[in-house]
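Presented sequentially are two complexes of chain A, the first with chain B as partner and the second with chain C.
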Partner chain A sequence: MVRLILRRIGQSVVVLFLVTLMVFLVMHAMPGDPVSLYLGPTATPDQIQLYTKEFGFDQPVLVQYGKWITGLFHGNMGRSIAFQEDVGPLLAQRVGVTLSVTLPAFIIAVILGIILGVIAAVNHGKAADSVITSLANIGISVPIFWVGILLVYWLSLKMHWLPVQGYTPLSTDFELGIKKLIMPVFVLALGPMASFTRQTRSAMLEVTQQDYIRTARSKGLKENTVIRGHALRNALIPIITLMGMSIGGLIGGTVLIEQLYVIPGVGSMMMTAIMNKDYMVVQDTVFFIAAVVAVCNLIVDITYGFVDPRIRAEN
Partner chain B sequence: MSKKRTHFSALVLSALVALTSMTATACSSNGGTASSKAAASATSSQAAAKPKSGGTLKIATGQTQAVLGYTPKITANAATMYLRLNFDSLLFYDDKGNLTADLAEKWETSPSDKTLTFHLRDGVKFSDGTDFNSEAVKWNIEQYQAAKRTETANIESVETPDAKTAVFHLKTWDSSALTSIGYFVYYMSPTAVKAHDATWAESNPVGTGPFVLTDWQKGVSMKYAKNTKYWRSGEPYLDGINVTVISDVMTLESTLQSGEADMIPYCDITNLKDLAGNSSYVRETNTNGVGVEGWGLIPNSSDPKSPFSNVKVRQAMCYAIDNEKIVKAVGYGYMKTTNQWAAPGASTYNKDVQGYPYNPTKAKQLLTEAGYPNGFDTKIYTLSSGYYADAITAASQELTEVGIRAKPEVTDATKYNSMMANGCDGIMLHFNSISPDLGLYMGRHLDPTGAFYAKMIQHPQDALDLLSQIRSAVNEKAKTDYSMQLQKMIYDQYALFGKPMGVQTINTMKATYVMDDNFHKVNAAAWTPWSTWLNK
Partner chain C sequence: MSHLLEVKNLQTEFKQSKGILKAVNGVSYHVDEGEIIAFVGESGSGKSVTQYSSLQLIPTPPGEITGGEILFEGHDLLKYKPTGEEMRKVRGGKIGVVFQEPMTSLNPVLTIGRQLEESIRLHLKLDHAASHARAVELLGKVGISDPESRLKEYPHEFSGGMRQRIMIAIALSCEPKLLIADEATTALDVTTQAQILELMKNIVKETKTALILVTHNLSIVARYADRVYVMYAGEIVENGTTEEIFKSPSHPYTIGLMNAVPSLTDPKDRKLVPIEGFVTNLVNRKDQCAFLNRCPYAEESCGTLPDPLLKPVEGEDNHFAACHRKITKEAKRTKAAVDSTREVKAFTEEAKKDPILKVEHLKMYFPVYGGMLHKEVGQIKAVDDVSFEVYRGETFGLVGESGCGKSTVARTVLRLNHATDGKIIFDGNDITHLNDTELLPSRRNMSMIFQDPFGSLDPRQRAGDIVMEPMKNFKLKMTREEMDHRVEELFRVVGLDPAYRDRVPHEFSGGQRQRLVIARSLSTDPSFIVCDEAISALDVSIQAQVINLLEELQQQLGLTYLFIAHDLSVVRHISDRVGVMYMGRLVELADWKSLYDHPMHPYTQALLDSVPVPDPDVEAGRETKIIKGEVPSMMHRPSGCAFSSRCPHATEACRREAPPLVEKEPGHRVACILA
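Moving on to the complex of A and B:
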């Protein structure tokens, strides 16, 4: 088990290095430069030169990358040209905001997705199965941006139930904070929830055909016990895999959702940074997101070992 | 779209400068009351009621800002909205586009001595309680010069004979100097900045303006409270202003509709279209042509190998495009057309300029005369955002019909900015601040060392001579006369800047109860937050 974890950590470090190098090179290969974008078209060559030097953009790309990596090891994530602030504190402020949207979305997606998937599988071929499967297909197909706009139209502008946009920390105003979170969390959870539903249904249908399920039923166990104690536990492996994969999707979704609902998280910061060619912020947020995804996948791999003794035995 | 517009709106920054210009007779004197009511009166047809104090104005905007406090570092046009909350300049504008008193009570200009003398208002304090005086003026100018700001590049020195007088000695006399120095320098508290440093000042504005910044989440929101030490008696009326930065235009619109915001300054044209006809909102726009942005198509005439180095080809290009039709289609009726470096009705709009009304037959004839009977291939560069791409696509089709096979090439803003400075190999989208001050604004394009598009155009000596005469003019009449001549020469004789297409007005959409904010009224990027009040 320890060997498995060490090997996966090693792989993650290599992936992180390659991802950040690639992003760095791509950002620098794009036309234009962040200084003239920041200063605007009225900037004089003298001004551009002044800022280019101040931010170190006059140095070779690989030297800049080297400095960034070195800074990272010393806890210095660089300075943002678009925000005119150190990236570390900026990122720290926004991580919590993003988590307050993604975490509930993830939990809701997993819990509701599994429950609906189980209901669909247990009622295979019946009306409940058809309804849930159809809804899951819709959930996967519709663009979240469109759903988001639709919800704003109905819940905010027509019904006046929820605010259009914004973020209020729950510690500041719990009720308003919750109201502002409802739409973004639901929209963000929609796609993953549909995926979990379909995956659970499919895995459950496969497992319930197995001999040991027939044996359990023939022993006279209650159907509830068969489903929860035997079928669901064995159907969890592909669902855990999907959980790991959905983290990346959720974080990607936050870029859109945070823009739409004006949530000051990592996603909206990355969007602003990309628009402004703010190298440091893009680099640091990509690093952060890649690290989160890598850690989540590591956790998934470790979880496999606990859920499935065969994997533990293999390693 | 809104983001791209931010980059280009910096062009408009330049255009803020004004009509006015030089009241500079040999050594004339001016004065004025700085009452906000003077500026406000022009615009407050809705505001027959007496202003009420109190309330918080909620602004939703796509215009964000990285620096709010260290003014030499603030260059973008969008920033003017924020700058006016915390800071003042020596001069402001009235609704006719004339410079009026602000922190300076009166001023004198002397072309022969190359000096500008400002007499400062008494009793003005920065929000930290320190005095605004001539030493503060001098110190601020030094900060602007250290930041390489063009507005202060022509200042040789600042003399401070007493606490209330600042004399600016210029390197050369320039008819635009009063506007550059009087309007574009915003005064920070030297005490506050010196007590910390410029980096601290970036996030902590300390000026003489009507509000103080109380909370700022960068790229997200700002909160302002009334400056209790403000120098205009009884103002500001509002207790505070909350700004929310929203980059998505749909969300911006919904925020206004839901009542979560009272106004959207620099409103996107799609929002205007959607909200038009709704009696709950009022559209504000510039009416005197000062500070507005023009756009058109500029060809590369500097390269001798380019077909556009021949004036007949440039004229053919102009005749081939039906800008009336294109501007109407992309501007939803919110955009005017022009045929020169001015909005119709502006003081330097020359009615004698013929321009190039749509005439494809004439275009083909000119191409044949120029030696291109079968036309030629070229490129036409545009931005990916908004209506520009649509307009250029339409223009490219019309050009192709006469034989100028211009293939549209879409670029991002950074590449476009680079092309503005270094030129391109075909035709490109042309942005220009069509302020009446041609010496300042057209000069940035026409001068061989100009910052914008200068490397891709020819620089005829007679045009440069006229430009020089505009700059050295000692009175307004001479300046306007030379400007009229230059308009005619540049457009009818040389077609140097190609085809002017539209005059883009800048708009604000607001709830009807927001009064006397004067957004865009005196010039396109200015407003008067001190006189703003809520009639509800």
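Moving on to the complex of A and C:
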């Protein structure tokens, strides 16, 4: 098990290195100059030269890359030209905002998805199953920005229940903060929740056909114990895979949601940074996201080992 | 006196798109304390569904128990809700079940301790410490050493036989009154099968538990059961004491089953008599004898009468059969009579001079990878220094338990593996190192019949194309018409209607598919065919058809077979000479008679002792010597003779050096220093 984790960490390091290389090259290959974008059309050549020198854009590309990487190792993420701030604290603050949307969305999606999936599987072929399956199919197929706009129209503009958009830190005004989070969290959770429901349903249907479930029933166990104690534990294996894979989709969704509800999170920062060719912000953010995904996948791998003893043994 | 379990007129139906399938149609039986009863029948006969119905373990929908009474200790179980508390107390608490597939019947993600203790806590209401103590005791009782620490292990850490022992421990955990073993030993090797059956028998005799054995294997019935119920098409067609059933079988189906299976005590010239035809479609069944279409004793009147009921057999008290006629083993068949004997070929010294296949010191090692860099860390010696020859026109049987390397030998001989070392001489040519092009002429002369007729046919290819494909592959310079013609001819040779050539495999039954596989293997007109467990996936009546077909083809076409199987009775029936393998080595090789009559290697003796015979008289007089232990892992082969770890006669010398295969009597080679 320890060796499995070590190997996975080794693989993640390689992946992260390739990610830094790729984002750096893509950013630098794009046309446009961040300094002139920041200073605007009225800037003098002297000003441009000064800023270019200050940010080190005059140095050879490889040196810039080296500086960035060494900076990362020292915990120094560089300085943003568009925001005129150090990237480290800026990113930390934005990540906090994003997490307050993403994390609840993920947790809700997983818990509700699994519950709904189990209910559908246990009632296979009955009304509850058809209702849940249809809802899950709708959840997977509707575009989230459309659902988002629809909810804004109903809940905010028509019913006046929730604020239209914006973000208030929970520490400033808890109630308003929560109210503003409800719609983005729900909209973001919808897609993953639907896929968790479908995955859980099909995994449970397959597992309940297995011989060991018949054995469990033949022992006289309560149906509840059979489902929770024997079936779900086996069905979790593909669900965990899906959890790992859904992280990437969730981050993509966040970018959209943050635009739609005007939430000052990582996604909206990324958008601004890309528009302004803010090298450091884009590079650091992509690196950060890649690291998060790698860590999540590592957690998934470790969880696998806990759920399935055979995987522990194989490695 | 009331019985422990008495089932009356049980009816179970499954709703299907085409109608209602009556899987269990009015079945009545009973079992008493300390009694062993057996349910025999082929797949689809309803023997398992009957047991699951009595426990209300039928998946509903589509299944439904539509009638009958299941009286257990005087209470009708059908009055209980399937998932209700009363039913659950009986299920697991008073009736324990051991299922067929030990590999899949235990939950892979829970420790066996948890799976065992869960049941104990539920039914016996013990606390953690007490249930743990009981689990340890139970594991010890079913023969698992070091139970304390093994309770923490997961199912995948146990072999199939061990898992079945654990299943038995679970089934016995709450001191049930009745144990149901549903094909509990079918998936196991013979020596393990014998160990498990003995274990169950001893438990039954010690604790007065009743045991229901559900099996397709008549020999197991003869050795262990007190009474027998024969099932066909969802009905009990005959029942009685084991002795009565075997001495005077009175239903055509029972007689048919007995004539279809080979036995270790058969005369060599006995011909197997298969049951022709197929089970009638049970969906929307008609009210007439279900065996009518296959019955060799049927008269016209049988077709006009309703479904026969069980009637007492004349002169016997407890023996019942459901047949309109009075049938005995000697009764005259109304359908075409068949030979019950066959010609036994004799081999001249001449034939032995020209072997079609010669294998010399064949070694097939598979690398084992491990570590961070996926380096080779060891080898599995699947085949280790095996030499034998196959004479033209003979059937060479290769037996051994699963994992002994017999299939690897076959695959390597056909050059599907690249031999690590040794020589393969086929038809006078050394083919060991030929490349694919050079191999082509030899390859068309050899072919293979696989085990699973369901997995070895492309589901989307039409039957005719399946048979034609090898002709195209080997570029036989045949025109399209010639190939078409040959396909038709092959269909007829294997007993398939050429009109079926446009069908796809799933439209055929299991037996027909195996015929199709045989037709394909014959399409390039080979002289040497490897049959790798070619009949083990088939029901006994179909098995007999295929064995007879293989024998007929051998006579007509002069074929040579390398016949690989784990069923020693079948190998004895079909083979001229037999080799026995254990852990990658040949331990004994002889003609069938000397091998079966005077086995010299302790392993061969152990194998033969483990095989039951379908004759209660023989079984009663036989001492059951059951070999202890299990086949060791290929990774940890014992030093010296691989069998020394289980051999009752092993000495220090055996553990020191692996004995070579030497000729002890003319034509009888043994690898044992004590023989």
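We take it that the second predicted complex is superposed on the first by the 315 of 315 C-alpha atoms of A that agree within 3 Å, B and C clash if a C-alpha of one lies under 4 Å from a C-alpha of the other, contacts with A are read in each partner's own complex, and residues count from 1 in each chain.
Note that contacts are C-beta pairs under 8 Å (C-beta built on N, C-alpha and C of every residue); 3 or more make two chains touch, one makes a residue touch a chain.
Bear in mind that the values here come from a model prediction, so they are computed numbers and not experimental data.
Participant: Regarding the shared-chain residue A:307, is it in contact with chain B (first), chain C (second), both, or neither?
Facilitator: Once the two structures are laid over each other on A, A:307 reaches chain C alone.
Participant: Which holds for A:260: it touches chain B only (first), chain C only (second), both, or neither?
Facilitator: first
Participant: Which partner, once the models are overlaid, touches more of chain A's residues, chain C or chain B?
Facilitator: Result: the larger residue contact count on chain A belongs to B.
Participant: Answer with first, second, both or neither: which of chain B and chain C does A:166 touch in the superposed model?
Facilitator: In the superposed model, A:166 contacts chain B only, not chain C.
Participant: Which holds for A:216: it touches chain B only (first), chain C only (second), both, or neither?
Facilitator: second
Participant: Touch test for A:175: chain B only (first), chain C only (second), both, or neither?
Facilitator: Neither: A:175 stays clear of chain B and chain C.
Participant: Taking the stated contact definition, name every residue in chain A that is touched by chain B in one complex and by chain C in the other, in rising order.
Facilitator: none
Participant: Within the complex, which stretch of chain B touches chain A?
Facilitator: 3, 7-11, 13-14, 64, 66-67, 75-77, 147-150, 202-203, 217-221, 244-248, 250-251, 254-255, 257-258, 260, 411-418, 420-421, 431, 451-452
Participant: For the complex, give me every residue of chain A touching chain C.
Facilitator: Residues 3, 7, 125, 210-212, 214-223, 225, 229-230, 233-234, 307-310, 313 of chain A touch chain C in their complex.
Participant: Would you mind writing out the residues of chain C in touch with chain A in their complex?
Facilitator: 55, 57, 61, 83, 87-93, 96-97, 99, 101, 104-111, 118-119, 122-123, 154, 156-157, 167, 170, 372
Participant: Which of the residues in chain A come into contact with chain B in the complex?
Facilitator: Checking each residue of chain A against chain B gives 30-34, 36-44, 46-47, 50, 81-85, 90, 93, 149, 152-153, 156-157, 160, 163-166, 259-262, 264, 268-269, 271-272, 275, 277.
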